[in-house]
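Lettered A, B, C, D, E and F in written order, each chain numbered from 1.
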Amino acid sequence: MSSNSAAALLPSVAAPFYRAVGDEVEVFLAAARRSAPILLKGPTGCGKTRFVEAMAHELGRELITAAGHEDMTSADLVGRFLLKGGETVWVDGPLTRAVREGAICYLDEVVEARQDTTVVIHPLADHRRELPIDRLATTLRAAPGFQLVISYNPGYQSVLKSLKESTRQRFVAIELDFPPVETEIEIVAHEAGIDTATASALVGLGRAIRNLDGSPLREVASTRLLILAGGLVAEGLSPRAAARSAIVRTLSDDADVVRALDELVDAVLPRP
Amino acid sequence: MSSNSAAALLPSVAAPFYRAVGDEVEVFLAAARRSAPILLKGPTGCGKTRFVEAMAHELGRELITAAGHEDMTSADLVGRFLLKGGETVWVDGPLTRAVREGAICYLDEVVEARQDTTVVIHPLADHRRELPIDRLATTLRAAPGFQLVISYNPGYQSVLKSLKESTRQRFVAIELDFPPVETEIEIVAHEAGIDTATASALVGLGRAIRNLDGSPLREVASTRLLILAGGLVAEGLSPRAAARSAIVRTLSDDADVVRALDELVDAVLPRP
Amino acid sequence: MSSNSAAALLPSVAAPFYRAVGDEVEVFLAAARRSAPILLKGPTGCGKTRFVEAMAHELGRELITAAGHEDMTSADLVGRFLLKGGETVWVDGPLTRAVREGAICYLDEVVEARQDTTVVIHPLADHRRELPIDRLATTLRAAPGFQLVISYNPGYQSVLKSLKESTRQRFVAIELDFPPVETEIEIVAHEAGIDTATASALVGLGRAIRNLDGSPLREVASTRLLILAGGLVAEGLSPRAAARSAIVRTLSDDADVVRALDELVDAVLPRP
Amino acid sequence: MSSNSAAALLPSVAAPFYRAVGDEVEVFLAAARRSAPILLKGPTGCGKTRFVEAMAHELGRELITAAGHEDMTSADLVGRFLLKGGETVWVDGPLTRAVREGAICYLDEVVEARQDTTVVIHPLADHRRELPIDRLATTLRAAPGFQLVISYNPGYQSVLKSLKESTRQRFVAIELDFPPVETEIEIVAHEAGIDTATASALVGLGRAIRNLDGSPLREVASTRLLILAGGLVAEGLSPRAAARSAIVRTLSDDADVVRALDELVDAVLPRP
Amino acid sequence: MSSNSAAALLPSVAAPFYRAVGDEVEVFLAAARRSAPILLKGPTGCGKTRFVEAMAHELGRELITAAGHEDMTSADLVGRFLLKGGETVWVDGPLTRAVREGAICYLDEVVEARQDTTVVIHPLADHRRELPIDRLATTLRAAPGFQLVISYNPGYQSVLKSLKESTRQRFVAIELDFPPVETEIEIVAHEAGIDTATASALVGLGRAIRNLDGSPLREVASTRLLILAGGLVAEGLSPRAAARSAIVRTLSDDADVVRALDELVDAVLPRP
Amino acid sequence: MSSNSAAALLPSVAAPFYRAVGDEVEVFLAAARRSAPILLKGPTGCGKTRFVEAMAHELGRELITAAGHEDMTSADLVGRFLLKGGETVWVDGPLTRAVREGAICYLDEVVEARQDTTVVIHPLADHRRELPIDRLATTLRAAPGFQLVISYNPGYQSVLKSLKESTRQRFVAIELDFPPVETEIEIVAHEAGIDTATASALVGLGRAIRNLDGSPLREVASTRLLILAGGLVAEGLSPRAAARSAIVRTLSDDADVVRALDELVDAVLPRP
């Protein structure tokens, strides 16, 4: 179904636009056949979400997404009783819906959530494939096709917030990074709707920022930011103006850093 | 619709009084056409709110505003069920109203809110343009015209409170600063209802404070404070008395700083 | 309506007893005409509350007061639904009452409250003069005469608890201090109901304490404390006994400090 | 009504057994006539509660007591709605009862409570003598005779927990300490029901402990502890056994300190 | 009723098996006659609970126990309203039951509970012997026989969690320790159901561990652990295997410490 | 029933696949006959859960499991009232179910839960074998067969989170570790469904990682991870690709560590 080459192109008819970079597709599909949960690692904006969308399309399964945050509790994933017109009605959370429907459940940055949210996935992440729902006094068996995927960004996790080892050692890990230069140009041009020359210039800027020595930036210019800048060019801004807003000032608030990056923009991008 | 010059004047008939300083108008409108969310940066009182009001007028869209604070939760933005006379009634929050009505939603200093408030805007800030409302068990698709704008003040954000990178890299950033001197005089005179000479003296005081070497002030004298002082002059106070109350003592509680600034007031402003 | 002199006496018929020290009366009235909110600064017991009472009397408006504390939430200011005999009844908070009735709302030490309490006053503190009440799904427009006054004591605010700059820069600041010696004697004699000689002795003690070099006291002897001591004298205690209880032991728990202040009391006050 | 001598004995018919040590009785009564609230300071077990009981008896007023703790909220003082058989019933807290009935309200160690509890007493502690009860949407005027007394123990208050200055400067402070030796012997003999010789020996032990150089004890042997030990003697224990349990092991958990105090017990108290 | 000897045996017919070590029985009974509350100190597993059971049997009173923990609130002790089939029903907590029934209330490690739990026992711990129950708007007078006993373990109390002095100084303190060797052998043999020789070997091991120089253990081998090991021997394990599981690995997780203790086990206990 | 040899094989008909390593089976069964609770220690993924499953099968009892987390409260273990269609229904928690049914209750990593969860098991962990359920105002006596097992991982417990000594000293401790090499190869081959040669290679890799000098890893490669990697091989991935995902990237996020481990993978595992 998928070749072993580094840039295997997934079927493109109506499929999400995704270009494989390593063996991430093979690993994902093997883990899915094994029903092993997947831990997706990689920097912000490198395409983790798009990769999962492509895999869901490839497997023909629904994709249900939830984004973790530090106030998220297990009820946000599992569901809760709500009051409606005097009646209490149970409403499934995204995890429960995925369990019932055999969908892929993608928990984005779940490590930031409270620990009860990670413990609730334990019995789903081993051979049991069960979701106990205390408040319904029941236990759901995951439908065939249910696949758990969690992501996190190792680059800025705090020491305090990390996956418990007993959670982590249940997952097959896949590490993504920014794509190679030709692939990234193709992606930026396609997503932003600009020509290859402009996309190439923006990707050149992005790579120059990623290669800065001793960079004070917490995160580098992601593929997503390059697409955002490309979109402003498509709306009529000059590449320099687009890069100043969608890349430089999005990346940093520090006046010195902003000035240095603005100079880099002027050096790399064509005069309007 | 808008020229490229630095001080393009927006249509003034019934429009909010706003004078562009850089290319902020062009970037805002391009991002709005692209439905890309906007991150507005700049010091307190430099005119961020007024700029958004002007853009809403220019685009002919309603403006809905909410101010972030450290106790704000996602329910404050999305809505909640309220008890009224024994009935539970759902009341939309400001974000939900903007999503339904295709309005501009301006979240002021949202970075101070709890993290669930920023995560709730993720699916609104990318190609999905969706707002999942768990408690209604529904997902709203944003009406055309919905535009998300968030602001924050890089000058005094704490290290603990900063936008998550995965949130931040979804935004086009626009950085505002205090206007050039002639523009600021025009603004102060117009808003406070005083003559140009007095406005010019107050702006001179404001710029002298902004240029203090090694200033111990956390924030400088903003355009808003100059307008506030001008208003007290319009009510009959001397410029010096107005500046002592509306500028000096608003800026600092430190006795030494207050004394130094009072001397600066006496040096810069005319004797009554 | 009010002269420019430093000690303008407010109309005394049934008015609260207040003696102006600087131009605080003029600034208050100008800000009130401009509907600009007022930030009142000054040490504990210097007369902030009495000053606001006098201004409310001068302007002929009702005065509604609330004292901030670290557990205060916006509901304490705005109002909440209460259960009464099975019915839910909305009860206005002090801020809402003032907004409806066009009263002066005096928020004492509001900086200690939780941040949602300060954000709720933002739209009341600029040109909008609105109070959004989420739980009623309504927005109140402030009645004419509504005037916001907040106080705080710069002397012992913690670093963690300070007004947000974006809140602070909406206010005209008025700084109060203890009155000059003759004024303070007059106040103590009047309020405590004692003769001028005794009042003069107590004021002398108060000033001696305020002028202590390298004082270990967190706060000095306020006018309020001098009045309290005077009241005990009026009830028959000797001035020294009154000062030991109402001043020395109220100011300090430290045995060494108490002994030193007791000696100061014996040196300054007449033998019984 | 009460003499000026240091050991004025209060009327003893059915009155609580209290022996005045300084001018605390005069100051209390003067403050009560002035309706000034009272701050009672002194070490654990020196007789603060007994003193207030004696004053309540002297003034012929009811005494209502509440002990502060770090989880106490204003509702614990003011009252709350309770559900009873499906009905919501308002139940006055101790402060509200005292306000309605004109009683003495004694708040023991109130400084440990949450800050909203201290702010709620502000309007009761100045000329207003009012208690606003938000949840009843009413304001009570204190009945004649209402007197507020708060106590705290300066010896072990933490830096984090101290009375706000703006609260503290509303009170007349009275400082109590352990009574002089003859008085203490009389108290211990009377309260424990033992002879003067045994009481004298126990008081001797107590004073020896209080005078230890460089004592590692957080608190010394209070009059209350001496009475407790005396009570065990009255029940048949030897004075040494009683002191080891009711004094030494109550004061310290440290093995070395306990051994040293046991030796002191053997040196001071008679062999059984 | 009880002799003064160090090993007074309590009546043994159906009584809990307890062997007195010092004068703890006399002190307990004297305090009980005086209705003075008792503070029981001693290391984990030395027999505090068993001692209280024996005293309850001796006095012919019911024993009601509650174990403190850091989330315990006063409602856990006093009681609360519960919803049952739409009705609200009051359920007494253990303290309230003891107060009503004149039982001994034993609060194990109550120092770990939240402070409101210790304050609630104040009026029960002095001459008042009252339990105010706010939520019932009533005050219970303790039935005759009500006796308060609290325990704690000085060895591992944190600095943050200690009894307030004003609570502590209401109690008569009794300090327990592990029993002398002959007594301990008798206890282990009796409780575990093993012969005296094996019990003697286990007690020898326990004493060797207690006497380790510079021990890295937080707690030593308690009598309870020796009984637990003895029980495994009674079930067929060798003494060495029993000691490795029930003593060594229960006491420490540190590999070096476990190895050293295993060697001690081999040196002290007979080869199987 | 079970031999004393180190690798006693449990009955294999339909039984969970478990291979004993030391005397853990004998200790477990002796403690179970004694009704003594068991504390199971060992690194992540070494087979603690599987061991308990095997013991439950051996004893013919139901196994009920709950995983601790830092937000777990006693209600999560004991049960709570839930609203269902307007009715309140009590739902047993896992601990209560085990108590009623005489099952084995396995609390995984319960040390991470809030302290009230550990205190609730005290009366179940000694001779009383009772579970008081406050909210039902009842006390359950454990059915015969009820057995409490708790596990924790000494390797990464924080100092703040450790079992209270008074809880810990009620348990018989069993320490597990990774199995010997031949046993581990058999386990990996059986569980992953791969041949012995591949299992042997993976186990060799796991042991090489466990023996790294000065390893920066928080946890080593557990038996569980080796099985996970084996499963990917069974799905068609090369052993190296499987190890890179299921072992290396699961163990570490650090680029240097990942590179070093990848080199180790290439050195140890056969070329595909």
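The definition used in the following text is that a residue touches a chain if its C-beta (ideal position, glycine included) is under 8 Å from a C-beta of that chain, and two chains touch if they have at least 3 such contacts.
What you see is a predicted model, and the numbers here were worked out from it, not measured in a lab.
Common neighbours of subunit A and subunit E (chains touching each): F. With angles rounded to a multiple of 5, the C-alpha fit of subunit B against subunit C returns 60 degrees of rotation. Judged by shared residue numbers over all numbers used at their interface, subunit A and subunit B contact each other through mostly different positions, with under half in common. For the pair subunit A and subunit C, the distance between mean C-alpha positions equals 54 Å.
In this assembly, the C-alpha centroid of subunit A lies 31 Å from the C-alpha centroid of subunit F.
Subunit B has no residue in contact with two or more other chains. With chains as nodes and touching pairs as edges, the resulting graph is a single ring in which every chain has exactly two contacts. Around the ring, the chains sit in the order A, B, C, D, E, F, counting from subunit A and moving first to subunit B.
The residues of subunit D lying in touch with subunit C in their complex are 23, 26-27, 30-31, 33-34, 36, 39, 41, 73, 81, 87-88, 114-116, 118-119, 122-123, 134-135, 137, 154, 157, 165-166, 168-175. Considering their complex, residues 44-45, 65, 67-72, 76, 82-86, 91, 93, 108-109, 112, 153, 156, 218-219, 222, 224-225, 228, 231-232, 234-237, 241-242, 245-246, 248-250, 253, 258 of subunit E touch subunit F.
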